[in-house]
């Protein structure tokens, strides 16, 4: 019976601290519900803070976790470039990397020792194409933040939407640090589109975007609004307030998901994070990530053998708080349901993401297309 | 034409919001010669207080603003006594070090107590309505911000250029030892000006929260914006700050309208252009 | 404010770790005039600055009309009647001439700045100009006028004639003498031109390396050339 | 033409000999500290290598800020230019480490030339803002040119070949660290010469009063521009070292945040002495690393407290503190 | 001897204030000229115009037959047109020795070299020590300028100007702040200047002016109101009224 160390890298401070806290909540929830030992081996988690995308630091942290802290497993990683910086190390380190969040398809091709339990932007976005057309929107304007995931979202949506018969009349890329979105809304208005597709990273800018959408009267004018679920992350909903009512988003997980597994998870994770308002999707990525790591430890019986560990979880299927999921044997990316959700008001007067439609067993179309 | 007017109005409102937040910093930097990078931290503290008062305690918007300004000033007093007073007259970079330190601490503490989520300050009915201004609708809040900006600009200009206090303040900044030797109680002058600057930061933080939402990272996230606006205007100059806010607000807004994907290019290229033409900022005080 | 007496007892002062003045003691009766002489770098400026509270004090007492002000900040001393015209002029560069004068008036009404313009008409001509735009002599005038407007009872003058045209020097010295004679001010003057210094003052004090090496009446010094040569240097008196 | 015959001899003894002795001791101390780091923290070499890369950047920042008196919050533009130059070269088949360092230096120097040309048009705050604007433009450009730079995903897949064909850049990072250390010592010695040359003295003069320097008959702009280019080369080497050792280049290497951090480190260590730059970098990064591993969630408060404490205890930076200790021993001190 | 330096019709105004009105002046080699005048007459401005710190609105500056009006301040210095500042402009963190060394190196075109050492050249060092010695600055040669007395800073200001080996030297109140006991040092230093040099001195210390100058020019309100030999100055009514006051009386008595 050894102590097996798992190194978790995430943004625990800085502007994305909320996401890091969710990582931690997911990990702690899993360990609270499933114990701290696997086959008699004690699991110990070492957290390392990486406040913002910074590949060099990411690599230094991973290296240190491996060389100094002697971790057998790496987990976490919120941003894609940070994951890309770690992948070249894995082989030499003989350690698998289980990604809790970083959502660019291409990471998986960089190393056979990567497994991902989150989602990709393409995965969560693709169903929106059909949804939009189904709701009678033929002409749409796309507005995405100008960085990797935003560009991914734009491409995935365009492909799906055009395949379903729609037309993207204009594609806007907005700088990440935009504070005032009313000029963008003016563009939307003058483009003559019937709907808007948006992708923004969760955080303060979503608030400004939704506010501007309402304030400039686009909502009253009947313009439809579609976005992947990052935009209505549960922790942002209180700030968005009633302005968010009726927004349609697609995502792999809603805190409100109804299932006994999720109930148990939410209870445990809320306890770990402290305040129920702060809980959102990264926690479930971490929770399932820990599940995968536990399975790996089980399969290797505590010995350090990255390849064997990864092989052991290929095809692994289980019921996650988000619904039924499995690890795709070929891509090592998670196969999961994507849900269409609408922001509605609950009986307690608070808004939440209500799942109204399910797209089962979605793989990552981003990888499939490569 | 309509679009131009419309964009212009947005730009003006955005510029005025920036102005209210930044003018306090412009005073501290231009008049007190303190590069107070913690300015945003004070605006943020005010935002938290206002949010707490209005959302959690259900107080009115006006009361929340007043409480936020008072509360922030009260919090700033011990900081001024213990920390800022040590760096008046220090080299700018020392001030940068100290005020960044303060910012980090404020961020850390806010994060600890209030959590990392966004905080909103609910607007009263009257300000939450969209108002029809003829060619479009605009939220009443934006008009309110514009009005606040105008009041602040004229009030401050009068205080600094026309009153005895203004002269004492400028003298103190110019040469504190000599002002002291002429009987000006420089510490009092500094403390009062500091309080005014903090009060303005607080006001800006609260009324500008619709543009720059309140969250723990606020203080660092917008630091560059504030610094750029203040310097382009010419630190310490009120007309300069007004012009800079409106011009930069307009460039930012039209840039984002015309070609959002090059929004930042536009903005920073314009900044470089302006500084090259006005190497002291629009209304830089002669050194 | 009527003139005040000044008493200094074993004052030591300097800059940071450097002690410049050591154990300086002297006293000046109310309404009298004292010149302070000494070669370059002997501590004359430091002495005046210390009286104003602008240097670091290591010990000693400074009494104005019997009250110890050594612990006071310079603004307190200024309000108690000490006024300094510094050697480096220290005008407020970014303020206009008029604003510079307004800083000096303490709580007197604004209209008193006319007194300054009467004294130096040149300043009236330049009243809207910023401090940094003034010529050297104009800055000197401004510095002097600014301090005098505050009606100090003890006036400390650090080379106030420097850079002024002879015709103005004469007028200014006459004005200082008048102010002292009217019983309104006690004046301490640091002046390089020995003759002006001796003409002006009743008594003289010579500093060397931060210490008082000679103290006496101007007459005594004037009549003793060897003293002058010894402490101040050759060729000073023509 | 001898204007005036010497009439008195200088009384104070010459400082030159003592100065050289101190410099040699300083360099030895750096080497010793570097090797001590190697033996004491064999598991932290990745971090230590990063410290060295950043130290190069902070050194080069000191040339601009400490010696020329030009405040800049955009120094990462030079660091990043070096990093991307080396990175892009490496991805395209130039994998020899020393060549990559040279490429980085050239990239940095070119960026320094651009930055200097623009920044020297203004003074004071507006100048600071120019530096911010420039680094933001660089950042934006790197983001846009994703075909070459990888955009926000970062430029990955750098495979530098072994140093001298023997020493691999591997997981344990010994090669990278020792390579970095040698580079640092080399650069440090060169810079010591630069700052004590007449050119360095001229820069110090410019820092204090440009009008005076002009009245001495020296042009200001070319001197400062030269310093920008030198500084760019050094920062570029730092960037190249970072690229080689971490094998990725991210947008953060041309960010405002990195620039601001570098400035904080420099001021923390003390301006205008090359040692200050090193001390500041090591202390800041070391402290940040330690507190962020102890408490990854609230370490920022601790770092903030450190900065405040330093300003209160040593307003001239940490190296100023040692100066002060020295000075109080001597008879005549500064202010 | 031929004329070394000449200005023609130099004119400048700040806003509405005409500070220099059509000033023309010529100086042969070896000239020792004093420029005096009331405060604010435009003397410093004249120096600024001549040395290129500010641009005249009209007029020419000719040095050695070359028109230098369009040259910048730096090039004029290199051509030998050197000034001192009325208010000292020195580097407070550097020592007098460093100041003068830097100036000498600059004069020889070696100041922007990276690959050479600042100290260690013995001919430079000798020259530097010679200059410092002549102005009595040896004792403070290795103290920071910020810590030495103002009078000594004034002397250093002159040492720097001399180190540039000027052809035309413009001294703006060189003795201001220097005690009368020390002014002989300045005079001595000036006396030992090579005779080919033209020197213009602005000074309010009339004793110094009369000892130094061979010719005096009086400026008032931006105009030259008098030009002549020293002894004529005191006799001129206009000058007396505008500038000299009682001094003239004192001298005529003496």
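Here the chain labels run A, B, C, D and E in written order, and each chain numbers its own residues starting at 1.
Just so we're on the same page, a contact is a pair of C-beta atoms (placed from the backbone, for glycine too) under 8 Å apart; a residue touches a chain by one contact, two chains touch by 3 or more.
These figures come from a predicted structure and were not determined experimentally.
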item: Chains touching both subunit C and subunit D, listed by label; value: B, E
item: Contact-richer chain pair (by C-beta pairs counted) among A-B and D-E; value: D-E
item: Most widely separated chain from subunit B, with each centre as the mean of CA atoms; value: E
item: Whole-Å separation of chain centres (CA-atom averages), subunit D against subunit E; value: 42
item: Gap in Å, rounded to a whole number, between the CA centres of subunit D and subunit B; value: 33
item: Centre-of-Cα separation between subunit C and subunit B, whole angstrom; value: 43
item: Rounded Å distance, subunit B centre to subunit E centre (Cα mean); value: 48
item: Residues of subunit C touching at least two other chains; value: 15, 18
item: Where subunit E touches two or more other chains at once, by residue number; value: 147
item: Contacts with 2+ other chains: residues of subunit B; value: 108, 111, 264, 287
item: Interfacial residue positions of subunit B with respect to subunit C in the complex; value: 164, 167-168, 170-171, 174-175, 177-186, 285-287
item: Residues of subunit C defined as touching subunit B within the complex; value: 52-54, 73-75, 77-79, 83-84, 86, 90, 92-95, 99-100, 102-104, 106, 130-132, 146-147, 150
item: List of subunit D residues in touch with subunit E within their complex; value: 1-12, 15-16, 193-194, 196-202, 204-205, 208-209, 211-212, 214-219, 222-223, 226, 230, 332, 334-335
item: Complex contact set, residues of subunit E against subunit C; value: 14, 36-41, 43-45, 86-87, 147-152, 173, 176-182, 184, 204-207, 241-247
item: Contact footprint of subunit D on subunit E as seen in their complex; value: 51, 53, 73-74, 77-78, 82-83, 85, 89-94, 97-98, 101-103, 105-107, 110-120, 126-127, 129-134, 138-139, 141-144, 146-147, 160, 162, 164-165, 189, 192-194
